[in-house]
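Both complexes shown next keep subunit A, but they swap its partner, so subunit B is in the first and subunit C is in the second.
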Partner chain A sequence: MKSLTDRKKSVSKRELTFAEKAYLPAVLKGMSITLKHLFKKEATVRYPEETRERAEVYRGMHVLKRDEEGRENCTACGLCAVACPAEAITIDAAERQPGEEHLYREEKYASKYEINMLRCIYCGLCEEACPKDAVYLTDRIVPTEYSRGKFIYGKDILVEGVKPEERIDISQRKKDYKMDVKD
Partner chain B sequence: MDYIVILDKTILIVAIFIVSLAVAAYATFGERKVAAWLQDRVGPNRAGPFGLLQPVADGVKMFMKEEIIPNAANKKLFIIAPAIFMVTALMSSAIIPWGKPFEIGDRQFHLLVADLNIGMLFVFAMVALGSYGIMIGGWASNSKFSLMGALRSSSQMISYELPLGMSIVALILFAGTLNLTEIVEMQKYGNWNVFYQPLGFIIFLVCVFAECGRAPFDMPESESELVGGFHTEYSSMKLGLFLFAEYIHMFISSAILATLFFGGYHFPGIDSLDLAPNIAALVSIVVLFSKIFFFIFLFMWVRWTLPRFRFDQVMNLGWNVLIPLSLLNILATAAYVTFF
Partner chain C sequence: MAKVIIDGIEVEVEDGTTILQAARSIGGEVTPPAMCYYTKLEGSGGYCRTCLVEVSKGSEKDPRPMPKLVPSCRTMVQDGMEVKNTTSERALEARKGVVEMLLVNHPLDCPVCDQAGECDLQDLSYDHGGYNTRSEFERRTFEKQDIGDKIQLHMTRCILCYRCVKVADQITDGRVHGVINRGDAAEISTYIKNAVDNDFSGNMIDVCPVGALTDKTFRFKSRVWFTKPMLAHRDCDKCSGKTTIWFKGDDVLRVTGRKDEWNEVEEFICNTCRFDKKKVSDWTIEGPKEVSRSSVISANKYKNLEKPKEFKLNDIKRLDS
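Moving on to the complex of A and B:
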């Protein structure tokens, strides 16, 4: 039978040769290998100071977008919650009252929008389901917390700020990536 | 005896004490750094610049730990064991010539504490005593792991002291003296003993690894099988002393290796530079210490390369290989000394 890999080695239980019994050649060989590693570049990423380079389409913590005038895009249609395979998203809808036009883009908005970050599998289906360009996954990392309750992110964490410098850039996610599918 | 000699020796003893402790402290840091580099990692770099304050942090940690003495332990012996281990580790530094003499006025200040004419025997005595710390500590803990560690350690030390001694017998036959200063002065012109006694050097090196309880002969500890070997039951600074003494052992052993086989504080051509005596003394100290640091690095290099020997392999290597080899070495050296 043809073997799957060429890494197969036949073993035998023969007596050790003199050079093998003397240990020293093998010891020196091993030491030369470790000495080579002494001059190799370390694989460490010094995390808080530097972060590992991530793919452009990395799927991390979510953001709820606002439009150019600072109004929330989300209309609480609930498509993201339906699409979510992990059932991590909870939405309560409310009607926009007169005088709130500068806060919400359409008549209906999400009064509660929670994502359980421990349930979320970062698949990005919510982003795909969203018809209003409201929810996006970003390259931000969800920080560690001391209790499970803290991982349920509400609108206070998810919605981006109004000021230009508080906006979260999602232009990379909006790019139209086409997969190379071979026929 | 006049008081200048007493003052001179006191200063020297304190200096050696401090230097040994400092080198041992930074050897723990060096060990972790070397281990990291050999494994393509960075190593400790958080405490202070480049992690240089790591030994301090470790020391503080050790002192803050809860001190536990097991109920069933023999309290007196349990407490005294780390002290014995530490003291014997430091003792052998007394006879190592650390450099050329300083000249102040018309006096010469020799950089060694005791110019014993039986220097080598003193080293053996201290090395042999060193295993008592481990044995007492392991026995007094009243724990199976500790006892196993202590047993292994004592049998290993006894087995390896024989070839250690015999490799030195060959060197002594060749040198004709037991005095370390004379042995160093003999190797003045780059005619280091390692070139005349290569086999003796290898035997000595292997035995020193075993005597220090360093990998691949770290039987006494064998953390994967015996939890921590002889220091399983120890905690707080008592554990710290045991771990620390291991590094002092390493430092002193490196000094002895450099002194006996690698020309001590001499390097070839030191005399042709024609330095002033005091500068020459400083240079010689630097030379000795660079040799010592090389050997400490070698200790670490080997530790992070080789896995631990099995216990029967350790015994086999000691009794069946090293002892016959060292006997052969003695015979060959004796024949050389007699007939040439």
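Moving on to the complex of A and C:
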């Protein structure tokens, strides 16, 4: 039968020569390859101490932003969820009660905001859809986990902190969408 | 019978039909949008001016064009009349102005509003509005009001179409709400916040073209496009019992009347059906409601989806056996 490739090698059961029997040349050959790699440039980086340089448009883990006064921007309008091609976002809305004005910006807020990070394809359509400047994709990496359930990120992970040092900078991704269309 | 030509399409209708109804009998693009006109409510229409059209030929007997744009919901057809809607620059320009005026006081709180996704004003401003506002003034604001314990009135969002007043007038007996004050200060009121406890008062939610009157039992429960509309009916001694019920998962979140392609309910339903029957067991489900492909309500819903077959371990035969 004709073989599909010409890379086929036939195996023969011939006696090994003395040099081959001694194994030493083979060991030396292997060691030389190993040694050569010692002086090569490393292919890996020591994450998390070091991080790779990323493109400006890199899209990683999401963040739910707060405004200057520390109130959550998200108003659970559901546009991110309906725009999501992977259907990764689940939202439940609740009404803001009197006395919660310092927590939520609008009279409605997301009581549940979950992103399934295994479903998410990091396309950034949620960010484009958001009318309230609430959801952004950042340059952070989604860490590995031991179980699939842990990849469903809730508000405890997604919402940024109130303190200035806990805020997540998204100024690079912020676009000015001012409509400049002639009517 | 009268022959009318609307945007170049000829249609023959009964005498006494309005231009809007004649256009609706053609359907599609040539139909002017309507915000205040409602077929089932007598005397509605003529307030909002979104349905303005140009009449380029008055009739066969008097072929002069009408000098001004006319509201198609209130103008009767005449034999040989020629109407221009989408083909008329003037009508489109006027409509754009109307949308701008409607939005002068309408808040842009669609992300919060429960009507978003099935709002006539949203559709209208997408189709006919401009991108920017030229108004530099504060929008008028009102406190939220409860009309009875099941209906909430956001006067801020109201565009004063008077549809709900007509419902209170014509469908319920003994009207307890109407419009008070005039012009810029006009507002829907219940006359000292009288509770509307009529069996059919809930229909004002359905007729409201914006989110001014909303269902309190559905308030912030879900966005419209996350719910699935199903046609259902039940035996009701007060109304026909034919409704659309809106599912999220296995829960009935909301019950509304059945709306036709012009967003008008086919039959008014009673408050018991609308507010109190929120269990699946209360209803006989007829099937999913047809939703237009372009509507956001159809987003992420799949038709004719075949579920992958489930195998049990014993069903699988080993290939080599």
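Simple rule for what comes next: the second predicted complex is superposed on the first by the 130 of 183 C-alpha atoms of A that agree within 3 Å, B and C clash if a C-alpha of one lies under 4 Å from a C-alpha of the other, contacts with A are read in each partner's own complex, and residues count from 1 in each chain.
As a convention for this text, contacts are C-beta pairs under 8 Å (C-beta built on N, C-alpha and C of every residue); 3 or more make two chains touch, one makes a residue touch a chain.
These numbers come from a predicted model, not from an experiment.
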First (subunit B), second (subunit C), both or neither touched by A:D169: neither
Which superposed partner A:C77 touches (first subunit B, second subunit C, both, neither): second
Which of subunit B and subunit C A:R46 touches, first, second, both or neither: first
Partner with the higher number of touched subunit A residues, subunit C or subunit B: C
Contacts of A:D133 with subunit B and subunit C, given as first, second, both or neither: neither
Which superposed partner A:E100 touches (first subunit B, second subunit C, both, neither): neither
Subunit B versus subunit C as contact partner of A:V27, first or second or both or neither: first
First (subunit B), second (subunit C), both or neither touched by A:L38: first
Which superposed partner A:E56 touches (first subunit B, second subunit C, both, neither): neither
Subunit A - residues contacting subunit B, complex: 23-24, 27, 30-31, 33-35, 37-38, 40-44, 46
Subunit A - residues contacting subunit C, complex: 75-79, 81-82, 87, 91, 93-95, 106-108, 131-132, 179, 181, 183
Partner subunit A, residues of subunit B touching it in the complex: 34, 36-42, 45, 202, 301-302, 304-306, 317
Complex interface listing, subunit C residues touching subunit A: 96, 109-112, 116, 130-132, 219-223, 225-226, 296, 299-300
